[in-house]
Every structure is written in structure tokens, then in C-alpha cells.
Amino acid sequence: MEEKKTKLLEVSKSEWGILIAAVILPFIFDFSPYVQGLLIFILLWVILGSSWNLLAGFTGQVSFGHAAFFGIGAYAAGIPYMHFKLSPWWGLITGGIAAVILGYLLGVLVFRLKGPYFALGTLASGEILRLVFGEEEWLTNGHVGILYMTTWVSKYPYYFIALALAVGAIISVKIVMKSKAGFYFLSIREDEDAAQALGIDTRKYKNVSMVISTFWAGTAGAFYMIYMGFIDPEVVFALHNISIISILVGIIGGVGTIWGPAIGALVMVFVQELFRSAIFGLAPSWVSGLHALIFGVLVIIVILYLPGGIVGDWHLFKKKFGSSKKLEVSK
Amino acid sequence: MDLFLQSLVSGLLIGGLYAIIGIGMTLIMGVLKIINLAHGQILMVAMYITWVLWHTWGLDPYLSIFITIPLVFVFAEGLSKYLLHPLIEKDSILPENQVLMTVGIGMVLVELARSIFTSDYRSIQTSYTDKSLYIGNISLSLPLVIAFIIAIILTVGLFYLLAKTDLGRSIRATAQDKFSATLMGISAAKITILTYGLGSALDAAAGSLLLPVYYLYPDVGPLFTVKAFVITILGGLGSTVGAIAGGLVLGIAETFGATYISSGYRDATGLVIFLIVLVFFPGGLKRFTKV
Amino acid sequence: MSILRLDNLTKNFGGLTAVDHVSFTVNEGEIFGLIGPNGSGKTTIFNLINQYYTVSDGKIFFQDTEITHLKTHEIAKIGIGRTFQKVRPLKRLSVEDNVMAAAFARESTFAGARSVARDVLKFCNLDKSSNLLAGSLPIGGRKRLEIAKGLATRPKIILLDETAAGLNPGELDEAIDIIKNIRGKLGITVLIVEHIMKVIMTLSDRIHAIAHGATIAEGTPEEVAKNPTVIESYLGSDYNVEDYLNA
């Protein structure tokens, strides 16, 4: 075994390649606003998916309520604007913080629960917040939502901000997973009791995972408010469209892998748009109504045949094509 | 006082329907050891079948349970056999694989319904839809009363099945200890697949019974999935008697929440109670009913 | 000098008394054996020491400090490591990562934890398997991995729970050597629960025997092996100890 000096962050060549491509492609091709919008959504899902994946995929705490943190982040940007005309841009700071506080408080409740009960506890928490934010109109403007004239018409600035946030999320996960905390997350995921016998304060490290995870979910929510210029509880606290999709993005890409959520986000947005556009107008128009259905079928197929997701089971693809590179240890 | 009694009675009636949804979920949870997050979606499927039967042939929704129950039973067995059961063998990072599969199934069912029936709200107008019975100043919606009675009959039937038949004994044995059940010659795989069908069939009955009093649209599925697990946790996992109590409590809590807090908090009330019970009383109402 | 002392330790599960006023003292540098028939409460005692179960009555002292009410992870932190009878590797992690996760109990950097892990793996003859997934190790390797994880937390005393069960004769000798070296080379005190007489008799300095949760004898291996109560309750009354020891 060659001894390499361990660095805080290791970036492979292909990772540099992806990053550079993501930065310069918009300068080379003149993407239509439609494509720009899609790219921004992919990046948003990279952030949310990575956030969910840290808590669920790496730490084993399968959250069904990530919309709670996304939504609180969005409102942390929206409410000060609505009441005090404070720019929603502050949300990039306050959104993450608000979500971390909520996550910590919820953790006190839901970390008493294990496995499916944790899933249900988080799910209920998210739903309660959705209902409360819909009802408390004095604070949130209820179902009317909060409207804000976005800063720029062009989508390019938002693209680069989203890219920076997505890169930040992935880097933070990479760094954490190479540290003591990362090893502890995995130990908790694999066997919580055995982890305690190794001297791991499981409660504390579940909270650490929660804090990092919720920070990114909240920041993503705040970005959503800034970019879309409109939020209402049904959108940002959505059980299906936020909480569940966060999970599915992780599942498709590969839970417990660094790049899984990014791949999952790409596949999800691509498949949905492919069908929403009726395969670029080549198919009859009724096909466009099927986009969510096709995505659901894709989820079922992945769970059945690629339980490790696209990234986690990449070696299955490789095997098919005859390459026999040594398998990487999944973590 | 009338308002109080009215809320109580309305809550109890709807709670009867919730109870059979909860019993179905409890059966599945007890034997498969999973939360079925497609439970409400299966109920939605039954509602659409009932709606089609009414719309096309004018079949009374209460009679249609004789069609929806077997149909959904077979359908759910298929889901269980081909989508859920194979996952037991698969090694996955998250043990919640089967639960996530039910999420996928639920999603596909909702979207299928949307593709076929669009997102429009649908309801049916029977001759008795708006009829009510009166006891003093308290009105009882006739369709709910009929549904309540049918729900009781189904519940009694199920208890008979579980307590007195070989099949029922096998189900209970598998729920308690799958391994020992296998040693006693019970095919745990068969029972597991069958139980998913049985639990879904109860769910289907509830769907048919709900149609005369509830709007139908694809997203009714997720709504009832949430209700179903609230009931089950309230009742204490795996306890059929608890599920009945859980159903009634949720029904009452919802109507009281709507009456005394605000109609917008109708669904929140149930969830808050759920979260409190989940975190602080992990045994559910079972602890209090001692069953 | 005493490193671990149980004082009238008792555990009730409902009406059942699984551990009944057990007292013993493990001295520093000792290999101390704990024996008893199946279900006599040995593993329960381990689970009480590291606080998986809460103690019903009695006290536990570590280096004369009471530790009866610490949390499980704190027990590991103060220097009590343990292995499990049912091996519990983090199966989707490599062997080295498994041990690293444990090594982080005392190390805060990646490099530090890795170097501790490599030392320990070498000590347990696992250095050649360090890149394998823990789930793919054969049983002998998993048992040694358990020991490696326990050692990587750098304990002052390690509790070994049936580390030799299910091993073939070759693996057994290897395990005995490792346990000897834990005390000999690392200077770590060992408290060992074992069914295989060969292991416990060759290794232990002193043995404590329990049956039905209560103490029946304590002494050197010879003394305990000849104790009539032990022979009757543990080995069966028609048992010939000499035959067994010579087998």
C-alpha cells in the first residue's frame, strides 16, 4: 500500500472536469432560458439530495420530512421581506441557520425514534409545519404566499449561485465523510448499539449529521425563494414534491455515495422533462402527462434491480461491459 | 353542548371507517414489519373502481364492495408478490427498502389515476347522499351510518377470521415470530404476500364506503396514507383492537379540531396527537386499553 | 491493583433474576475468566458493565471510581473495550475502516486513526484482509475483527465475549495467541467469557464461575475445575475433569 499524505479534501480528475464543464459550458453554448431553468433545478436537487443523503444515506436516519427544512429556509428568506422589506438575499445566511435550529429542536424529539418510527416522526413534523404555515396568515400570508420581484431577469446569475451552493454541499459532505464524524455516521448507520460500545456518542453525532444536512436544505429553500420570487406552504413544505423527491433523488443515484444525489437529480430532471416535452415533441402530446408516472416506474425499477442506485451499483454496469477494475468500497 | 355531541358523533362515525383502514394497515405492519406508504393510494384505487361502477352501470357504492374487495385483494397480492417480496433477499444500504418501494408504488398509482381520470374532483350523488337521521338535535348522516354498520360487520368478520380459522392462526403466528412459524410448517412467504392482499382488501372496502361522503381525486391517496399510519401508531403497532381505538380517536380528534380550533387545523390535530404518542407513548393507546 | 470491581451486581428482568449479587475483582494485568452454563448470565454481566442494560442493584467500579451510571459510549471512553458474542462488523465498510471507526475514540485525525488501525490489524493477523469488506470475512476473521475493534479504542481492560466459539482448531490456536499477546505485549487486562474449556483453562489466571446468575466458585483454573459444585452444575455430575483437560 502506498502511503499518501491525507488531505482535507481530495478532488479527482473527473471531478475537476465536471466542475470546469459546469462553469464554462454556459459561456460556450447559448442555452435557452428553458434549459437554464432546468440546469438550476438540477442543481437545487443536488443540494437537497445531498442534504438528505448525509442524514439518511450516510447516517441511516431516513428522513421523510426534509421539506420542513427546505420550507423553513424559504420562509426565513420570505418572512423578513414580507414584514420588514429586508432583502430575501439575507436568506442565504438566515435560511440555513433557521433550518439548523429547527433541525436541532426536532432532533430532540425524533432521535428518540428508530427506523420506520423515525421516518414517520419526520414525516409528521413536515406535514404539521405545512399546515401551520398555511394557517398562520399574520405571519406567513397563508396560502396567498409571499411574492417578490426577482433581482435579475437573466437566469445566468442564479445558475452560478446554485452551482456554488451545490459545490459547497458536495464538498462539505466529502470533507465530513473523510473525518472522524463521517466514520461515526457510518458506524451509526450500520449498527447503533455496536457504535456506542466503540465509544461513539450516537446522539451527539446524529445531531451533527442533522445540523449539516439541515443547513443545506434550508439554504436550498432560501435560494428557491430568491430565484422563484414566490413561495407558499403547499409548494415549499410539500410532502411529495419536496420530501419524497429528495428521497427518490438519493435512491436513484445511490444512497450513501457522494455523487449519488447529483446523478439522481440529473436523471430525475432529465427523465421528467423528456416526457413533459413529449420526447421533444416527437411523441403525441398525451405523453407529456406521463412524466411523473414514468419517474415513479423508474423508482420501482431502481429499487428492484439496482438497490445501491446508479452510483452504488455502477460496478454492475461495468461488469456488463467487461471492465474488471477493482471495486471501490462503498461508503 | 349540542355542538359538542354533534362533533363527537360525527367523529365516531367517520372514525368507524378510519378503523378499518387502520386494521388493514396494522395487519400489514404486523406481518410484513413495514409501514405501507401506499395504503391510501390503494384506497384511492378502490374509490375510483367504485366511481366507475357507479358512473357506468349505476351500481350502488355499498354493493360495489363485493367487487372492489376481491379485485383489490388480487391486485395487492400481485404488488406484494412481484414488487415487495423480492426485496427481502436484496441487500440494501437502508433497511427501509420495502417502505421506499411502497412510496414508489403509491406514486405510480396516483399518477396512473391522474393520467386516466385527470385531477378533477369527483363525487357521486345517490338518493341517500344528503339524507340524515336525527336524534334530538343531533344529525347523523345516513351514508355514514350505513358505512359505519358495514364497517362493524367487516371488523367482526375479520376478527372471526383471525381467531377461528387456520389462515388467521397462521397470520397471527407469522406476525409474532416468522422463524418459529416457518418451523411449524407455515409458509411465511405465502402468508406475507397474502396478508398484504388482505390488509389492502379492508382498505378497499373503506374506499367504497367513503365515496358517497368524500370527494375523490388522485391526491386523496397520500392524504389517507398519512391518516392510516396516524391511526396505526395511535393504536399501538400490530394491535387490531388498538387500530379500532386509533381510528375512533382520530375521527373524533379531527372533528373537534375542526370545530373548536379551525377547519384548517383539522388534519394538523391528528398529526400533533400522532407525534406526541409516537415520541412519548411508544406503545400507543394499547397501553391504556390493555389489549 | 483492582481495575474492575463488581459489587453485589444484580439484574432483574421482570420477575426473573438474571444476575444475582455477583461480586468479583479483576486485577490489573490479569486474564480473568468468567464461566458458567448457557443462560447463566455471563453476557448479561457484560451488558451491565457497558450499560446496555441498566443495573437493578449493586455497583461497578473502574479503577476505584464508580461507573454504574455512565452511558455506554462513556464506558468505552474511560477505557473499557468489549467484543460481542454475535459478531457485529459494520459489514459494508472495509476491515480497515471498521477498525478506524473504533480508533477515532482516541484519535481525532484521519491519519492518526489509520495508523492505529493498521497496527491493530497487524496485531490481529488481519493486515492482509484490510481492504476486504467486513461482511465478506470468514467467521475466524470476523472474530478477530471484533477483537481488533475492541483494541482500537485503546482500552485498559477488554471484555471478550466468546471470541473462540465456532472456530476450527487452527483458528483457535491463533485466537489463543492473540489473547495472550493482548496482555503480554499490549499490557491490557482481559476479562474473558468462554465456553471452550481449552481456551479458558490455558489462558486464565483466575476464574469466576456462576450458575443461574449467582456465584458458585472462584479461584485458579485448577481449583475451579476441581470444585464439586462447578463440576455438577456446569459439567454434569458424571463428568471427569481430568479426561476433559487432557482431551
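The chains carry the letters A, B and C, assigned in the order they are written, with residues numbered from 1 in each.
The criterion applied here is as follows: contacts are C-beta pairs under 8 Å (C-beta built on N, C-alpha and C of every residue); 3 or more make two chains touch, one makes a residue touch a chain.
These numbers come from a predicted model, not from an experiment.
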Work out the mean Cα position per chain and let me know which chain is farthest from chain B.
C
Which of the chain pairs holds the record for C-beta pairs in contact?
A-B
Taking each chain's centre as the mean position of its Cα atoms, how many Å separate chain B from chain C?
49
Chain centre separation (chain A, chain B; CA means) in Å:
32
Centroid from C-alpha atoms only, then distance chain A to chain C, rounded to Å. What do you get?
43
Multi-chain contacts in chain C: which residues touch at least two other chains?
92
Using the touch definition from the top, which residues of chain B touch two or more other chains?
93
Which chain A residues sit where two or more other chains touch them?
256, 330
Which chain A residues qualify as touching chain C in the complex?
5-6, 178-180, 183-184, 186-187, 190-191, 193-202, 256, 329-331
Touching chain B in the complex, chain A uses residues 56-57, 60, 62, 109-110, 112-113, 115-117, 119-121, 123-125, 127-128, 131-132, 134-135, 189, 239-240, 244, 247-248, 251, 255-256, 289-290, 292-293, 295-297, 299-300, 303-304, 307-308, 312, 330
Chain A touches which residues of chain B in the complex?
34-35, 83, 86-87, 90-97, 99-101, 103-105, 107-108, 111-112, 114-115, 222, 226, 229-230, 233, 262, 264-265, 267-268, 271-272, 274-275, 278-279, 282
In the complex, chain C touches chain A at residues 50, 52, 71-74, 76-77, 82, 84, 88, 90-94, 97, 100-102, 104-105, 107-111, 113-114, 131, 133, 149, 153
